[in-house]
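As written, the chain order gives the labels A, B, C and D, with residue 1 at the start of each chain.
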Amino acid sequence: MIDLESVRAFFARAPFMVDLGVVPTAVGEGRCETEMLLQPRHLQHTGQAHAGVVTALADHTAGAAAQGVVRGGGVAITAELKTSLLRPAIGSKLVCVGTVVKAGRTLIFAESDVFAVIGEQRMLVAKLSATLAVVNPP
Amino acid sequence: MIDLESVRAFFARAPFMVDLGVVPTAVGEGRCETEMLLQPRHLQHTGQAHAGVVTALADHTAGAAAQGVVRGGGVAITAELKTSLLRPAIGSKLVCVGTVVKAGRTLIFAESDVFAVIGEQRMLVAKLSATLAVVNPP
Amino acid sequence: MIDLESVRAFFARAPFMVDLGVVPTAVGEGRCETEMLLQPRHLQHTGQAHAGVVTALADHTAGAAAQGVVRGGGVAITAELKTSLLRPAIGSKLVCVGTVVKAGRTLIFAESDVFAVIGEQRMLVAKLSATLAVVNPP
Amino acid sequence: MIDLESVRAFFARAPFMVDLGVVPTAVGEGRCETEMLLQPRHLQHTGQAHAGVVTALADHTAGAAAQGVVRGGGVAITAELKTSLLRPAIGSKLVCVGTVVKAGRTLIFAESDVFAVIGEQRMLVAKLSATLAVVNPP
């Protein structure tokens, strides 16, 4: 699953990604890039994107990067995630880069960087670190 | 902010909480309870609630518990959060209990337990641990 | 491994636990309690126990609680841990309570509470949340 | 505090760093590198360096990187840390690189990469992500 077509289908099968409007823009071995347009309904009471929106984007992008390195029919499921919210996620668009840090047979460690795009500028606003379990569907 | 009316207003001011349909059901000193109905658009491709939905619910509920113990006009902002996804969040409704673990002048540690409600049953599906910074709005 | 004798042997086999002076004091199903005397060499430049000491104690205690629920020869290994350092860990002794939150076949979620003992008082100073993988030794 | 001499003094003031044998080897703006020789007493029952040792090294190195960017007498204290244990930390020596991800006035986000050195090889064995509070000593 490391061609863009397959990854687009992967995101299209996840209703919450469709709901948020997250779309993959590039993929590679152990790597996935995505973006989403920020809409008023995605915001926190402080005017920035909600931590839940940022985490959803970062988690699914890291998960797609992880899924891309799973061999033989397994499914990568997030066991735990940590999000560091470095700066307010303000702007018209969020861009996310997910990467696999270490892929094992049953556990995959992955990370995401989330950037807010304001005009020409790209600002790192959050970092996610996750542990995924590779499970075999019934 | 520890009467239910104020906490309802607090959630109503956060567009993403309104979008997800999260509503507070009980509050106390350093404590907040919420719930949301799971809709098809909240799901992961595996049929369970997306980690981002679970985290959004858990983060905002812990944040409301934290906000309730802030004195003098400060705003509690999540600096980082960790979510442990113990079991698939399946069912008709999620219920969340947020509690303050330790409140300082500039940092608040808070947690949330998220339960999936299936019929009469309530199952613990996720735990969140967060650090919040108390900031003074301009 | 849920009798105190076996758990003592488990800690005695871990050189760093012997080095720190961590000893188990009580065990139960999915539960382990330990303590260690704080010595000057365990401290941070600020006079409190070092975050690494607190984490070592909390991780191994949670790990022992997890190991106690593993069936059939598997070994519980920490994949990731988070420590929240709520208050300075000052005093003569640290006491730790580790509990299993959810035990699966390949993943175990466990937690620890660390208390500083000052005279008659017991103060919660740190909380650990960990994910452990159950691996089969060769 | 970004000359090597000052950072050596910083580590020498922390008894647990002296006890473990951690020494800084290079520093820069928002950056610190350290190393420690692994001794039998640092190990886990599985023969690898204990998660507490790895975390102590990673936390203090990230903390030194953070302390280097604090202006005006404040002290950077770890509020929370997460360690991902990617691979067994086996070998004669651990090397750690700590970096500041984002420095604010009251909060600093920092990370560390821990490498095990086996002969000529350097292998990434752990990653730490931490949030530090800047406090003013009395």
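In the analysis below, a residue touches a chain if its C-beta (ideal position, glycine included) is under 8 Å from a C-beta of that chain, and two chains touch if they have at least 3 such contacts.
All figures in this text were calculated on a predicted structure; none of them were measured in a lab.
Q: Would you say A-C or C-D is joined by more C-beta pairs in contact?
A: If we tally the C-beta pairs in contact for C-D and A-C, the bigger total goes to C-D.
Q: Among all other chains, pick the one whose mean CA position is farthest from the mean CA position of subunit A.
A: Centre of mass proxy via C-alpha means gives C as farthest from subunit A.
Q: Rounded to the nearest whole Å, what is the centre-to-centre distance of subunit A and subunit C, using the mean of the C-alpha atoms as each centre?
A: 33
Q: Measure off the straight-line distance from the CA centroid of subunit C to the CA centroid of subunit D, and report it in whole Å.
A: 21
Q: Which residues belonging to subunit C are in contact with no fewer than two other chains?
A: 79-80, 82, 84, 109, 131
Q: Which residues of subunit B touch subunit A once you look at their complex with the stated criterion?
A: 10, 13-20, 40-46, 50-53, 55-57, 59-60, 75, 77-85
Q: Going by the contact rule set out above, which residues of subunit B touch subunit D in the complex?
A: Checking each residue of subunit B against subunit D gives 79-80, 82, 106-107, 109, 131, 133.
Q: In their shared complex, at which residues does subunit C touch subunit B?
A: 82, 84, 86-87, 101-102, 109, 124, 127, 129, 131
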